[in-house]
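These are the structures, in structure tokens.
Look for chain A in each of the two complexes below; its partner is chain B in the first and chain C in the second.
Take a look at the complex of A and B:
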């Protein structure tokens, strides 16, 4: 990591820490959701951006994480923080298991299979025989956690929204650092090698079966944790919040933010949280029309997303000359 | 026994509709080796056009033909304008463009026609009904069979059909003998859109008209196309009928109606794992 990048990252974290102190509770809640989406997008980016496995079904893993957290809180009476690792573990296992058959599916077919998973998730959640646990069509309502007592005892007064924001921020920072370590090391290089040339990677001794299913598992775990955090923030889970359009939202996020880029997850999360809010004032359908136009527009004009464009911009400024488009790619 | 027969016949009727949509998918796959995720939404949009025409006072069958024509033109336009630029792009880019198209068509339909569920007329007279099937089920099955027969005749016996098959099978050689391969692809998209429009108009009286009506249907069509072999038109038809019957039987007697969509998921993943080329598809071998 270059010195400049470290400075920017620390500045960002400081900014993120100050944010809820100046924002209203509602805006803080929105910022919490941005962090949640950023975690989910990071997960999807590990799989699709770095490993080249197309998933149109990450909304399903988000749903599983959300339901795991909600069910544990509602039925087992677990504290909210204890549900996060469990939701992550459940999604890790399910993602890994889904990744095993996915090994045999290349590109388009994997997209098809995950698309099918996303479309059939709401009916599964609504199913009668699961109703005892999932609450059926009604879903589950959960209580927003209060700031812990020790914090108040120490003299720090936070609202529930502010506390949740800091809680999510801490987890996001940990997950981003872990993700950065994963991507910039041996594993990350193996994932990229598999994406770029499968056969050559195998010839180099990379066990692509293990790496690909592991990428699926880790990716699902990130998205599942995001789902759990999202459920706690929204205080509600219901089957119809997890339609195929949620999965498409995540796809929009990584395409707009930038494929195979950690900072892209943050840009993408800002985009999918705030652009629909703005477009919503036009019409109920407008956010999706905007999403669609951006999806196609980015593929044509900015295939490296916002993160890639920013990278090209800063590089150009520091070197003082235009870059060949090829160099701007990650 | 009678209940089983009833479900099988109902399954055949919806299966015919899945078969049409699966056939549309196969036509585009054969020409471009891409699976069109927006096929369902294209059909949905065409069905809305038909609905508007019928509401404007046009008779059902003129509206039907006009819709098929409009869908054809729209299909050609979409290929020319949206799909062309990514023809040789990586799979991810193409999938993203398809999803973008899906989302745009869905939201534009919602924007123009609102998300309120509308009923769609069935043109078939009550006399068409038989003991175990409603008039619409018989009619939909008939229309599907007619469409399939017309497509078969077109591809088998007309010079244009031959040119389209040639362009799909071997673009380079076709170009050398003077076939305009790019336009053949566009025509293929147009035909697929037209067939999809028929499927949409046949299914709308059953599932009612709303912008999300095709998502489930598209999933069954995927399953049907994969089951039959994604590059086999005949397979798509057989696959569609099999999926329709299977879905109805399992839904009625085994897993209940609410989990019917899961049948499609299991079929898709199962076929891809066990026999990726389906029943009638050709096995792909690639050199590395």
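Take a look at the complex of A and C:
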């Protein structure tokens, strides 16, 4: 990691910590959702961006994580924070198991298989025989967690929205650091090698079957954790929140943000959280048409995503310095 | 064979491969003695690359056996081949095109290092050490192959000849005992061909490699090889020292269809 990157990251974290102190509760809630989506997109990016496996079904893992958290809180009376690792573990296992048969599928065929996962999720959640646990069409309402007592005892006064924001931020930071470690080491190189040249990767000793199914598992785990955090933030889960449209939104997020880029997950999350809102304000009649225009504009102007465009911009800046040596002088 | 007294590192015995109705290899046998360079020649479609792909376990053999250091390879999954000590390059470059030169060579180190998803994500000390070791080894190889200045370049942006050297470095990163080189000189200009020949020879000395070489550049192949095996239509048609094979009537017929001789 370069020095500049470390500085930018630290500045971003500081900014993220200050944010809820200057925002209204509603804006803080929106910022929480951005972090939640960023975690989900990071998960999808590990699979699709780095490993080259297209998923049109990550909304299903998001749903599984969300329902796992909601059911554990609602039926087992578990504290919200304890549901997060369980939701992650459940999605890790389901993702890995789904990844095994998916090994036989590539490209568009894999996209179709994952699409099937996404379309079958709402009816499964509505299914009569599961209603006892899932709440059927009604879904499950959960209570927004209050800031912990020890925080108040320490004299820190936070609203529920602010507390939840910090809780999600802490998890997001941990997951992004883990993601960075994963991507920048031996495993990350193996994932990209499989994407770039499958045969050569195997000739280098990479067990692509294991790597691809584990990538599926880890990817689903990230998205499942995001789902659990999202459910807690929204205080509600229902089958129709997790349609195929959510899966496609995630795919839009990683493409707009930047494939195979960690920062792309954050850019993509900002896009999928705020651009629909902006579109709605611009045209109450046809917000999705406006969204479509935004989307076309983004992919046209930044074909390698926001992350790619930023990279190109900083590169042009630094090469500009080379062209004008005078500018480099103090 | 001339080198018969030595232990065969690779033994190809009666290997047959068929794609649909087409017989790609039809009972090919030969030995690659340890420490030697064995050249594999034959016109296009003779089955040379098919044989490489059998050794790499990309294609299954219909009949026969391939043994490396006395052990059959046919039950070994393809991702274990590198760890056994067999490295290879590809005829039409198979680099990881989005990665840098250094990263490509580090992937070549995969089979010699350890570390999974969890140890990488939380940076367990052994995984961090393994990564540093792979980086160091890769840098060493870049220096050896005169690629240091390209370490951080994107591999796709490099000239063809340089990319071929990167592939060679990547294959060497796993410290192979046997190196399979599939047309290392194709697409290279005259000087580059001379350079790659000298490089292969010096690498063989320094790294104590055994080499199985497929090459259409006759002069290069004949000058490098200790032993030459000639294939045509999936069959072995001749075998011997370069001098013996060069004017072998079967080979001449395979290439030219009439009686003539190679001048090298």
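Throughout what follows, the second predicted complex is superposed on the first by the 298 of 330 C-alpha atoms of A that agree within 3 Å, B and C clash if a C-alpha of one lies under 4 Å from a C-alpha of the other, contacts with A are read in each partner's own complex, and residues count from 1 in each chain.
We take it that contacts are C-beta pairs under 8 Å (C-beta built on N, C-alpha and C of every residue); 3 or more make two chains touch, one makes a residue touch a chain.
Keep in mind that this is a model prediction, so the values were computed, not measured.
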* Figure out whether A:299 sits in contact with chain B (first) or chain C (second), or with both, or with neither. => first
* **Which superposed partner A:199 touches (first chain B, second chain C, both, neither)** => both
* To do: Scan A:89 for contacts with chain B and chain C and give back first, second, both or neither.
  => neither
* Asked: Touching A:151 in the superposition: chain B (first), chain C (second), both, neither?
  -> neither
* Asked: Taking the superposition as given, does A:218 touch the first partner, chain B, the second, chain C, both, or neither?
  -> second
* Quick one: classify A:130 as touching chain B (first), chain C (second), both or neither. => neither
* Which of chain B and chain C A:78 touches, first, second, both or neither -> neither
* Asked: Where does A:190 make contact in the superposed view: on chain B (first), on chain C (second), on both, or on neither?
  -> second
* Asked: Which parts of chain A are touched by chain B and by chain C alike?
  -> 199
* Structure fact -> The answer for chain A against chain C in the complex is residues 178-179, 181-182, 185-190, 192-193, 195-197, 199-208, 214, 218, 260
* Asked: In their shared complex, at which residues does chain C touch chain A?
  -> 56, 58, 77-83, 88, 90, 94-99, 103, 106-108, 110-111, 113, 115-117, 120-123, 127, 130-131, 134, 170, 174
* **Partner chain A, residues of chain B touching it in the complex** => 34-35, 37, 82, 85-86, 89, 91-93, 95-97, 99-104, 106-108, 110-111, 115, 215-216, 219, 222-223, 226, 256, 258-262, 264-265, 268-269, 272-273, 276, 288
* Quick one: which bits of chain A touch chain B in the complex? Just the residue numbers, please. => 48, 52, 54, 56, 101, 104-105, 107-109, 111-113, 115-117, 119-120, 123-124, 126-128, 199, 244-245, 248, 251, 255, 259, 283-289, 291-296, 298-300, 303
